[in-house]
Amino acid sequence: MKVAVIGAGYWGPNLIRNFLMLDEVESVVACDLDEARLAKMRKLFHGIETSTDHNEVIGRGDIDIVVIATPVSTHHEIAKKALLAGKHCFIEKPMTASVAEAEELIEIAAREGLKLFVDHTFIYTGAVRKMKEIITSGRLGDLYYFDSVRINLGLFQHDVNVIWDLAPHDLSIMDYLLGQPALAVSATGTCHVGNGLEDIAYITLEFANNLIAHFHVNWLAPMKIRRTLIGGTKSMIVYDDTEASEKVKVYDKGIDVTTREGVYDTLVQYRTGDMLSPKLDQEEALAVGTRHFVDCILNDQQPTTDGQSGLNVVRILEASEISIKNRGQLIEL
Amino acid sequence: MKVAVIGAGYWGPNLIRNFLMLDEVESVVACDLDEARLAKMRKLFHGIETSTDHNEVIGRGDIDIVVIATPVSTHHEIAKKALLAGKHCFIEKPMTASVAEAEELIEIAAREGLKLFVDHTFIYTGAVRKMKEIITSGRLGDLYYFDSVRINLGLFQHDVNVIWDLAPHDLSIMDYLLGQPALAVSATGTCHVGNGLEDIAYITLEFANNLIAHFHVNWLAPMKIRRTLIGGTKSMIVYDDTEASEKVKVYDKGIDVTTREGVYDTLVQYRTGDMLSPKLDQEEALAVGTRHFVDCILNDQQPTTDGQSGLNVVRILEASEISIKNRGQLIEL
Amino acid sequence: MKVAVIGAGYWGPNLIRNFLMLDEVESVVACDLDEARLAKMRKLFHGIETSTDHNEVIGRGDIDIVVIATPVSTHHEIAKKALLAGKHCFIEKPMTASVAEAEELIEIAAREGLKLFVDHTFIYTGAVRKMKEIITSGRLGDLYYFDSVRINLGLFQHDVNVIWDLAPHDLSIMDYLLGQPALAVSATGTCHVGNGLEDIAYITLEFANNLIAHFHVNWLAPMKIRRTLIGGTKSMIVYDDTEASEKVKVYDKGIDVTTREGVYDTLVQYRTGDMLSPKLDQEEALAVGTRHFVDCILNDQQPTTDGQSGLNVVRILEASEISIKNRGQLIEL
Amino acid sequence: MKVAVIGAGYWGPNLIRNFLMLDEVESVVACDLDEARLAKMRKLFHGIETSTDHNEVIGRGDIDIVVIATPVSTHHEIAKKALLAGKHCFIEKPMTASVAEAEELIEIAAREGLKLFVDHTFIYTGAVRKMKEIITSGRLGDLYYFDSVRINLGLFQHDVNVIWDLAPHDLSIMDYLLGQPALAVSATGTCHVGNGLEDIAYITLEFANNLIAHFHVNWLAPMKIRRTLIGGTKSMIVYDDTEASEKVKVYDKGIDVTTREGVYDTLVQYRTGDMLSPKLDQEEALAVGTRHFVDCILNDQQPTTDGQSGLNVVRILEASEISIKNRGQLIEL
């Protein structure tokens, strides 16, 4: 297979390296409008082919896969072109700038029989896969809440606000782990510089059965926090991505709720027990993801992070943006 | 001076011990409806005087100070009686169950020339006093946000929800450090047991100049987190109360926002620098607070955490409760 | 029972409070040469009986237990007097200033039918008791090493060096957990002030079967570290006493050693697995210890931390001191 | 310049990548006896030149630099050949298997006018360079101790023990920061598998003026610890390499030692103050080191980590091995 990687910025070298390491991949072409970036790629990957004209590359007959690592606003246009040229697409998160765009890409890919992969990289980490396994096993009991904090001193993304930049990670993890649709969204936040883009935001999601999810994303934090809490009746998970090895901790803590017989009195009792930090697969998530994508192409299967998964995230992002512009107004999904 | 401590539950022994250690305090009477608790006090404090009738004790002529450590719903009634009996009052947080109650107590105390102290203990920690000093010095520049998380597996408080139980700590710290009124409140949360009391809640406060404050309080968390971030243009503070010694960290990090001359283009640049963790006074906060209270009585001065400070907190609690019952509706203050 | 606590310094109030809380203890007399300290005890424990003449108190017929919390150099003399006066003795660690002193106290107590308790408090923590249970169960396999670090910026003890001050904690934990005698000791260290007392020291102990133990004690460290690693063939323990709740972590990590059949080639393979942090009993160790002591008196049983346990620790301290004065010379025990 | 990298194991790809990224480096030839490793290099670095015959490559006229990343036992032979062939040498740590070997290489390089660089990578980290700056400025006052722990569950190195594998990192950091020769060495440790190589070891070094250094290296630890404490009269440093950003912390803590006038009584007082965590340069250490090496060649300067620096470390390793075989015997250097 031949792969075209469009966009050789921050994440580009990782994409190129991981596709190059796949046995099924023969070569990679790196595209970018910026010739200096391409020169760096040629130095790092020792004479790799490069191009400043991605349209020309997309049109070439020897390219099988198009990887899109450009600004979000361009995802839809490039992916549409690539799909219509018969290429499988690997799109960086967030998938598109709107629900309508995502829906159109899903439809075209289905019609053309092509694979659409959204790079929700975290889904392929050992940590998230282990949490999925634990939740599926029923070990947490009924779910109470999903609470996520992702903050640091971030480089401002000039085309999107902090929600579009950081929340896709956590929303995709949530979507994968909870496996149920959010019913309503409310978001608050502010921007502190003249560009009108929020740099701090809080999102609350309502689900059925009093399940609640909450997200804090922040570009103005002095330290890096990447922590998710998932609470259930039987046990609870703390997922701290800044930990070197013990990223996932499962606490045998929960509450027992009973009603005294014949009395309208609720008895709540805490159970506290051991904490287990399971062994996690250490393989690089992007290596797992790119291999999974290539396997899905070869075996005609749907990727775990397919267009629908990308759309679920974009739908919440779009609603959050409406809510935040209306000072936290509740948006039904 | 003679002190009556009403309520010998969880916090009672700490109150008794700290008042006993003051040079100005001659003796303490412990009151509680539960005789078993009083027996424990007599064992721990070696023959201390106790009573199950706090009304009688309040009426005694030899009592100068009444300390109220009973459930919130009873604060107003007991404090009013004590004030009308001419006693200075030390009230546990939150001050009262409503704004109206707090306002009445403030008015009576002023009229009678008595001191009203609300036990926002954290204000008297070395950490919070140091942060006040840093913020007052202008070192943070303009303030951007105040973000607080206070979660753990908590004993359910059967008379109040998690906001009334945990948020008073952080709201009082915020009120003290920011020194400006919140303009609007929005709160979301859920309850997961049959008693109708929220066990998880998120509160957002809006201030002038895009300053935003956010609070996460949670009784269902498997681990204890007590962390506050305060961001400004010039530097930022991380306050982690679970740290043994380095509770306060000041990061010389911030952003420079400039507009290119003659161009409507905003340039944002990060500055990152050193981190400083200042030495903190290690004295027990309750010792500092009780001594301050007694000093205020003797020198006829207003306590730092007076009735107004208690009222500011209760006002936000009351509005948060209305908002949470209306799925996050924005409440102007 | 009536208890005399001799020495009302740093640890004194904790001893008084814990003995006072026992149902079997009727009253406590606090003794100290320093009247100011006694005044503080009378204020804190509301009119408790005090005395500056411990000899007189030891001689009183109504005293059943003598608690010795004075400088180490005086332990032997006071304990001997108390035993000869027919009192059960509770001695702070280290038990005595020499092996000979410890042996004499053990002998007198045995002869007089009295209980000798050495306050190796850590043995009564939930953490150490849980580790004992885990090691006894065989979960660690064969033991490889015991490595302990106990450092902080400590107040200089003017009568003993850092080994006598800090190492008794870790040596008593080691003695309890390993349950086997050290065969040889080597210690290095230095002193940096004119008093000739080492403020940094390292101790290595040799045991049978290549088991090794090592201790780092340091009064000049800028931060507090209290960490012990215990390694075995099957799993390993990390015990971090500065952690609030997860003090004990058991790692399912170890090595498999095999020899290829017919070949003199050793194959070593690592096994890495989950980590478990067991729930620990949170009761105050001194409460458990004092109750255990009183129970041993009432039921005529030997305390877990008896004179022999105290002697084991003193023997290593004494040998370490000889080794350190001889630049690390190996001392056979 | 053209570079030959001999040894394409664990560290090889990092060496190749960093030399490739230098402007002065035109191309890299990767050598290894294992053809599978070379195939991986060709895939990762897209058609890079490879060879299984490093002797032939060393002999080529177009090669300027030989990088030696092979087992320690082969360093001397390969480096000697390369130097005699007129190549500058970049040698992985530890430099050689003996003091005699190191001395010979230094002599040959000096005679031939070639640069010898020992890859003590840590010296080029922002953390170590910042600590050097702090210590040189006198901020720590007189030095008291250097204490280092480097432990983890490590892959057994079949040709060397844990001292030769792990201690070179810390010894090189110590040598660089203290800048003075150790006077005596004592080492203890054990091996737990049949191969006779120690897997746990403790090294103590004596210096002039009661300065002491201690090292704990361990392949059998369940968790990764990389921590160094450096104590001085005025302040102290904690260097924790597992921390993501705050690797270096400077504590304004120390002791004041005075002698009361006319009295032989030493007064020791602690000073405790703020803690500062300085901003560190984040550039990859190997990028800094390789660039420094190439700069030294071009400008005919001595590298910071030259042959003498490599020899200082090997001298302590050699003495430690003798000491450990003699149960901790003190070896004068």
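Labels for the chains are A, B, C and D, by order of writing; each one numbers its residues from 1.
Note that in this section a residue touches a chain if its C-beta (ideal position, glycine included) is under 8 Å from a C-beta of that chain, and two chains touch if they have at least 3 such contacts.
The shown structure was predicted, so the numbers you read here are calculated from the model rather than taken from an experiment.
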| item | value |
| --- | --- |
| Greatest separation from chain B - chain, by CA centre | D |
| Comparison of A-B and B-D (more C-beta pairs in contact) | A-B |
| Separation of mean Cα positions, chain B and chain A [Å, integer] | 38 |
| Geometric centre distance via CA averages, chain D-chain B, whole Å | 52 |
| Contacts with two or more other chains, residues of chain C listed in rising order | 223, 272, 275 |
| Residues of chain D that touch chain A when the two form their complex | 17, 20-21, 43-48, 223-224, 242, 244-245 |
| Residue ranges of chain A touching chain B (in the complex, touch as defined) | 144-145, 147, 149, 151, 153, 155-156, 184, 186, 188-195, 200, 202, 204, 206, 210-212, 214, 216, 218, 220-223, 229, 231, 235-238, 249, 251, 253, 255, 257, 259, 266, 268, 270, 272, 275, 327-328, 330 |
| Touch list for chain D against partner chain B, complex | 246, 252, 272-279 |
